[in-house]
Amino acid sequence: METTKDKLTAAKSRLAAFAKATPALMQGFGAVSKQATAAGSFTTGQKELIAVAIAVAKGCDDCILYHLDAARKHGVDEAALIEALEIAVEMGGGPAVMYGAKALDNFRS
Amino acid sequence: METTKDKLTAAKSRLAAFAKATPALMQGFGAVSKQATAAGSFTTGQKELIAVAIAVAKGCDDCILYHLDAARKHGVDEAALIEALEIAVEMGGGPAVMYGAKALDNFRS
Amino acid sequence: METTKDKLTAAKSRLAAFAKATPALMQGFGAVSKQATAAGSFTTGQKELIAVAIAVAKGCDDCILYHLDAARKHGVDEAALIEALEIAVEMGGGPAVMYGAKALDNFRS
Amino acid sequence: METTKDKLTAAKSRLAAFAKATPALMQGFGAVSKQATAAGSFTTGQKELIAVAIAVAKGCDDCILYHLDAARKHGVDEAALIEALEIAVEMGGGPAVMYGAKALDNFRS
Amino acid sequence: METTKDKLTAAKSRLAAFAKATPALMQGFGAVSKQATAAGSFTTGQKELIAVAIAVAKGCDDCILYHLDAARKHGVDEAALIEALEIAVEMGGGPAVMYGAKALDNFRS
Amino acid sequence: METTKDKLTAAKSRLAAFAKATPALMQGFGAVSKQATAAGSFTTGQKELIAVAIAVAKGCDDCILYHLDAARKHGVDEAALIEALEIAVEMGGGPAVMYGAKALDNFRS
C-alpha cells in the first residue's frame, strides 16, 4: 500500500510538472504562498497549521499532506496541530473530524 | 487492493486515535451526533441516510463509509438509500452522481 | 427591508426567467427534481427537508428558502425541520449552525 | 434596495482596500489572474465566463458580479453566458440553478 | 441599509432561537466551540482568527461576522487579521479574496 | 497500484450500476448533461474542459477523470486544458493547484 511519504512524493512530483507547464501562473501563486506564510504575528509553522486547518475543513487530502509536511519542517508539535484541527472541527463538523483524524495519523506516521 | 471494509476499519481506527488526542472536543461532538441521530420524526436509520446524502453532496469518502455502515446497522434497505442519493444528486449535480454511485457500490459490497 | 417572502418571490421569478432561457436543461433538471422528491420510503415533505439539510450544509440561502417553502406546503412541522437541521449541524459544524438558525427563522416567519 | 451596480461598486471598493492592506499578496494574486485570463485557446471573455461558472458552482455572489462584469466588458453575449451556466448546473445541481439564475438576472439588469 | 452591527445582532438573535429549539445539540456544539477556542499554543484571539480564515475560505458571511466579533473582543489587531486572511486567500483563491475583503471591511467598520 | 485507466473504468462501472438503480433520475441528469455539453459558442471539448475546471475547483477526483476523458475524446489539446486549469486555480487557490496538477498528470498518462 502507498505510504503517506509515497503520497507526498507523488503530489510534489505532480506539482513540479504543473509548475513547469504553467510557470507564470505558478510564479504568481508562489508569491501568494510566500506572503501568506511569512512570519509575523503568527509564526510560519503556525501559518502552515492554519493552512492544514483550512485543508481539513475543505477535505483536500494532498493539501493536508503538503502543509503538514511544511508545518513539521517549521517545528510545530502535535499539541499545536491538535489545536488547529479542533478549530477545523468547530467549523467543519463530521467531515472535518474524518479529515482531521487523517491529518493526525499522517503527522504521527 | 484495499476493500471497503478495510477502508472503514482504517477510518474508525484513525477516529479512535483522534478522540483520544482531543477527548473534550470529541465528547462535545459525540453529544451533537447523539442528538442528531436520535429517533424522532425520522428513524435513526433514516437520519444516517440523511448524513450519507450530505456526505455525498460534500464529497467526503470516509463520511460516506461511516454513515452508510451506521445506516445499515439500523436496518435501512437499498430503496431508502437510493432515495437519499437522489436528493443528493438534485442538490449536488455531477459530483454527487459520482459519490452517490460510490455509496451504492459500498452498500452492495 | 426585504422580507423572507419577498426574497422567495424574487428567487422564483429569477428561476422562471432562467428556465425560459434554457428550457431543455431545466426540463432535465425538473425530471431530476421530480424523481428526487417523489414519495417513497421518505414522504415528499421529508425529502424537501433533506434538501433543506443539504442546502444548510452547503450554505445556499435561496435553496433554503425554496425547499423550506416546498416542505411547508407538504405539511412538515417544526419538529421534523429541527431534526433535519441537527443532522446538517453534525455534518457542517459552525456554518451549518448559522444557516440552520436562518432556516428556522425563515420557517417561523 | 441595493442594485446590482451598487453591489459591484461596493465589492470593488472593498477589494481596493484589501489590496492596499496586503499589496504583496494581491500582486501575486493579480499575476495569477492575469495569466488565467490571457487570451489563448479560449478568449478572455470566455475565460471570464468560466470564472462565472466556477463562481456559480461555488455560490460566491461577489465573484459572479465581478467576473460577469469583466465578461461583459470583453463582449460576451447572453448565449455564451447561458452555455457556461448550463455546465455549472451540470456540475452543481440545485444550488447552481439558484446562483445561475442570479447570474442571468445580473447580466440582464 | 443594514449595518454590520445590525447583521451581527440579527445573527445572534437567530442563534439564540435555534439554541432554544435544540438545546442538547447546541450544548454539544458549545462544548466543541469551548474546547476549540481555549487558549493554548494559539491564544483565543488567534483561534478566532483561524475560524475567520476558515469562514472566509468557505464563504460564510454570518460566520465571518461572528468570529471577527469574538476575535476583536479578544484583542486581535488588524495586522493579525490580515495574516489570517492571507492564508485564506492562499487556500481559497478568488472567492477568498472577495470574502477576505468583506472581513477586513467589517473589522474596520 | 491502480492506474488512471483502472480508476476511470471502475468509476464508469459504478455509474452504470447507479443509472440502473435510479433510471428516471439519471435520464433527467443525462438530459442536463446533453444540453450542457452540446456544441455552441463553446465546442463540446471546451465544455468538457469547463467541467474539468469546476471539478478541480470542487476537488472531485472521479469527475476530473470522467470529464478529462470526454474532453480528450473531443480532441482538446494540453494547451487548452492548462488554460482551463489556470482559471480553476484563480478561483480555487491551493486545493485547485493540487487537483489541477492531478488533472494534468492524468491527461498525460
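By written order: A, B, C, D, E and F. Residues from 1 in each chain.
Here is the rule we use: a contact is a pair of C-beta atoms (placed from the backbone, for glycine too) under 8 Å apart; a residue touches a chain by one contact, two chains touch by 3 or more.
If you're wondering where the values come from, they're calculated on a predicted model, not measured in any experiment.
Engineer: Spell out the chains that contact chain D while also contacting chain E.
Structural biologist: Touching chain D as well as chain E, we find A, B, C, F.
Engineer: Farthest chain from chain B, comparing Cα centres?
Structural biologist: If we average the C-alpha coordinates per chain, D ends up farthest from chain B.
Engineer: Among A-E, A-D or D-E, whose interface repeats C-E's (more than half the contact pairs identical)?
Structural biologist: D-E
Engineer: Taking the mean of the CA coordinates per chain, how far is chain A from chain B in Å?
Structural biologist: Result: the chain centres lie 25 Å from each other.
Engineer: Roughly how far is chain E from chain F, centre to centre by C-alpha average, rounded to an integer in Å?
Structural biologist: 34
Engineer: Roughly how many whole angstrom separate the Cα centroids of chain B and chain E?
Structural biologist: Taking the mean C-alpha position of each chain, the two centres sit 28 Å apart.
Engineer: Give me the residues of chain B that touch two or more other chains.
Structural biologist: Residue numbers touching two or more other chains: 22, 25, 29, 32-33, 35-36, 51, 55, 58-59, 63, 86, 89-95.
Engineer: Note which residues of chain F are touching chain B in the complex, please.
Structural biologist: Residues in contact with chain B: 2, 11, 14-15, 17-18, 21-22, 25-26, 29, 32-33, 51, 55, 58-60, 62-63, 66.
Engineer: In their shared complex, at which residues does chain C touch chain F?
Structural biologist: Going by the criterion above, the answer is residues 22, 24-25, 27-36.
Engineer: Any idea which chain D residues touch chain C in the complex?
Structural biologist: Touching chain C: residues 1, 59, 78, 82, 85-86, 89, 93-95, 97-102, 104-105, 108 of chain D.
Engineer: Name, in rising order, each residue of chain B that touches chain D in their complex.
Structural biologist: Per the stated touch rule, the residues are 89-96.
Engineer: Spell out the residues on chain C that touch chain B in their complex, using ranges where they run on.
Structural biologist: 32-33, 35-37, 40-42, 46-47, 50-51, 53-55, 57-58, 63, 77, 79-80, 83-84, 86-92
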